[in-house]
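One chain, chain A, appears in both complexes that follow, with chain B as partner in the first and chain C in the second.
This part shows the complex of A and B:
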């Protein structure tokens, strides 16, 4: 992490690059097909929990154990169920990620629209040394491309450095680096942000209250992100620091450089995650080999808890699993499929000791599942929408168009994730759509709407 | 950093899957942490363990968790009262304090107070 001071007093930056372009991670399904037993783990998306496949029997055992159908029929049913589950989880995960991404963007757009500080030009980062105040278009384009090259190389260097450190198990260094950068985000950037918001709304604030508020916010943030805390609070803090970082980028990146950088970074993301020697892919694979979670300060995880589908409703199943979670082992899902559930109900009502599969169920545990999205993705989505809000000639049209574009891109990415079941770059599709929508809306739709309005023609 | 530590550090918590001793430990740590001028931590403690302490079926560690939650709530109340009084005093009397008011101020609003 580097703090560098440029011409004006306000320009500070942090090489947040360890956060860029991480991925939604999903683990491969542990489909263990044994005789007559099913293991509906098709859409498991939590990579970093140990899976003990020893106890991995599902409540559907009860179903198959009692059904009279032959084995091939059951296998086909298994495949269909798995596909259904895959798609169902895909849909759930899309919704689970919509909310934080939307929240982050709302925070950024609201700030951009209200606080003038973030749209004023006040110097540039050291990573984008070429100014865009040049007389000719060609020169400006050249400068923005050069800025992009420098920025991307910095990002590549930082990412490779991080991966090397991770490979050689220098955990302390990485942890220290992450703690330092979250400290800076949580305290320094919040201080600046709060100051600017208060100035905008013309509110008096004394140093004592300010110190108190920032100390509380920052300390609890550090505890939640780096140690243990309630899930929702941790998610909220991650959203806030992504928004803060995005605001810094929006302020300090010059116009054209910002767009070119967005484009370049999505290409970089694509390469880094999908190529066999890409740094991000190596990071994910190393983490998977060692069965460790990637550092929490880099990833937003929308964990859901899935309980064993042994009962008809959530409450009942939760009751059952709370009694039995102590000796539990593996992850299962609630099967909403009514026909399926009914057979399970009949199983649940049968006396427990006499039924072999319920004893297996005693050994099952709740486990978290969810989709993980890197913070860099949050940041760059918000940068795109924020820049659209800041600089577009069409007021809200362009912003909304970019917002919709990014969400569509996210949907598609998650769909691909459900299909391919491995780490995927979340930036390329969304950013491409976002850029296309931005430029087309700004240059085509807006004048069209203006002309229509001026001619009083409503369509 | 050992593997379990790596997994525990920063793990997003879902209280249902946490053993009771750990819950007590967490509650206690949050309670003790709040003494470092962190009423927000107490607030989080109260909100997070409220269900565990009062609404969940009884288990051995529950009375202790309950006491920690209650003490955190008391501390939180104290700080809320202190802060509210101070902010009220500051906002209403800031202009009258002249130089001291300016010295204490982080942002000074424009216009006539």
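This part shows the complex of A and C:
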């Protein structure tokens, strides 16, 4: 649900529907899921998942682990160990998210600082029709607020549309939409980006080479994101498309509108993920109810997902270390065979019932931990830092301050995730810190540091 | 003003800190988080002190030179005090965090000790302080220009790089000293940290008379380094043995 064509057309812009939520892979099922499941495989999954969430397990569930009911003592011991593992792995999860967020920001800031194209004003998106070229401050503020209202309404409409499609199982439509938008990002925007970078460094490239490079980049990207691919390659592609999208926003959003939109988006994220009728929350809950992973093209996953494939028991016992994200297959199969997918997922997540070997269980415990972050979060973090790099007169200090603020916000969000163990909005805290630090560093710290530097004073 | 100056100054200013980061912090995710949180705390202290200075400047007459100079001195001193106050606040936060980590661990001891946290926190403070002082200068060093063309010192970039390096080291050692003082309730250690910080910042008022600022700062840096080393459990015997590349069975374990 990404993209947006700026100057032309029809394609909707859906940069942040359910992308802006932060969920942990091992988060416990929502209340409805807990109560309503009848299928034994699903119950196995539930027990297995709950075993991984440590302290939040209720004793009755832990004791009545149906598949491992012969080993209740081990369940309790595993529970206590799980609690400690959860927090020990907590710091690791934070770093697993720090790295891609940092990489995305580095790409965006490096591009902004070197390629002039992304800081030139060349028109605006159709979603922000009001121009900010007015002389009076009040008029400019009004225009930016109106732009924000329009943009947020577009996003709300798109999100609700997506949730409705998902609820009524129009998977082919959603899939087609996602594929179309990734095509646009991976081919068109990459072509524009590559063109501008070549122009900046005055490097000539013939069309044949260009076609070859872009074709390979785009095709491999489509395969990695929507089908299978090595985890790191998929993560790299997701980072790149987030950076491209962020660059588009930085270029085409007018100054003040960008800041107001950032603020409004965090408030929207908060409401959409936490309110009971919020679209993003409904999307996550529906996905958890149906035991399906949410679309891979919208989520960055830091975990190594253990896929046992199509119920291949020998693969699990062989101890494969290939990490692939099989969800695209699930999404395709769902339409055909829901029951099959459920059992496949339960196989994937809990082969323990069929292979009650301790070592395999521990291996799976190691592999399945991870956190997921929506791509919209990457995009808006990078928009904030990129805008700080593009427009702040205090230059690098402001960018650095915003970077640290966003990382700390992410850290706090992950801490809350470890405490509450359900999908949380990742934007509000980070964007709030980022905005506060941007404006205060630009207006307060910059004059102070400049004066100190001119006298070569050190504090 | 070329790439040579840029790389030279970067590595002078940040080389040792980068080495410390790569070899001691990078492996452990918890330490990375403590480092970045330390940087954040320093940033907040800078923000508040800039706010105070900004208000004072805006409320005063911009044409009055001695007053502006006085306000700047006040700003520097206030910023130093606020940084140390935030170091204390960070110590309190880390103490609580250690209690949480201990409660959640299976063998009753935290995966990281308060001494390690002190070191990492000090390094975080130092890195952020150095970055804010130096990065804009480094970017300027990449561009064209002649240093000191209006009669200022030609050694501006070089001395700034050296000053940044010594500040990063000092922050690291101050972190260790300060946390140790808080842990063992020795107020005079904390007072010593605040005093040396004030002395170092005050000595930079001698710039561009670099002898007056760099030499005392480096001397103080070596003194605090020795003190922090002794407080962390080192002794001359260990030092000599490590220099000779020997292992001693009585040496303190580097783990928690």
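Note that in this section the second predicted complex is superposed on the first by the 312 of 459 C-alpha atoms of A that agree within 3 Å, B and C clash if a C-alpha of one lies under 4 Å from a C-alpha of the other, contacts with A are read in each partner's own complex, and residues count from 1 in each chain.
Simple rule for what comes next: a residue touches a chain if its C-beta (ideal position, glycine included) is under 8 Å from a C-beta of that chain, and two chains touch if they have at least 3 such contacts.
These figures come from a predicted structure and were not determined experimentally.
Annotation: superposed three-chain arrangement on chain A; chain B versus chain C shows no clash, the two fitting side by side. In the superposition on chain A, A:421 makes contact with neither chain B nor chain C. By the touch criterion defined above, A:220 reaches chain B but does not reach chain C. The partner of chain A that touches more of its residues, comparing chain B with chain C, is B.
In the overlay built on the shared chain, the residue A:94 is in contact with chain C alone; chain B does not reach it.
Within the superposed three-chain model, A:441 lies in touch with chain C and out of touch with chain B [touch as defined at top].
Contacts of A:172 after superposition: chain B is touched, whereas chain C is not reached. For the pair chain B and chain C, the least inter-chain C-alpha distance in the overlaid model is 21 Å.
Common to the chain B and chain C contact sets on chain A is no residue at all.
For chain A in complex with chain B, the touching residues are 48, 171-172, 175, 195, 198-199, 202-210, 212, 215-217, 219-220, 223, 225-231, 233-235, 290-293, 295-297, 301, 303, 305, 318, 322, 325, 365-368.
Residues 80-81, 83-84, 87-88, 91-92, 94-95, 98, 395-397, 400-401, 404-405, 407-408, 411, 437, 440-441, 443-445, 447-449, 451-453, 455-459 of chain A are the ones touching chain C in the complex. The touching residues of chain B, counted against chain A in their complex, run 1, 3, 6-14, 16-17, 26, 33, 36-41, 44, 47-48, 83, 86-87, 90-91, 94, 104-111. Across the complex, chain A is touched by residues 28-30, 32-33, 36-37, 39-40, 43, 46-47, 49-51, 53-54, 57, 72, 75-76, 79-80, 83, 101, 104-106, 111, 128-129, 131-133, 135-137, 139, 156, 159-160, 163-164, 167, 200-201, 204-205, 207-208 of chain C.
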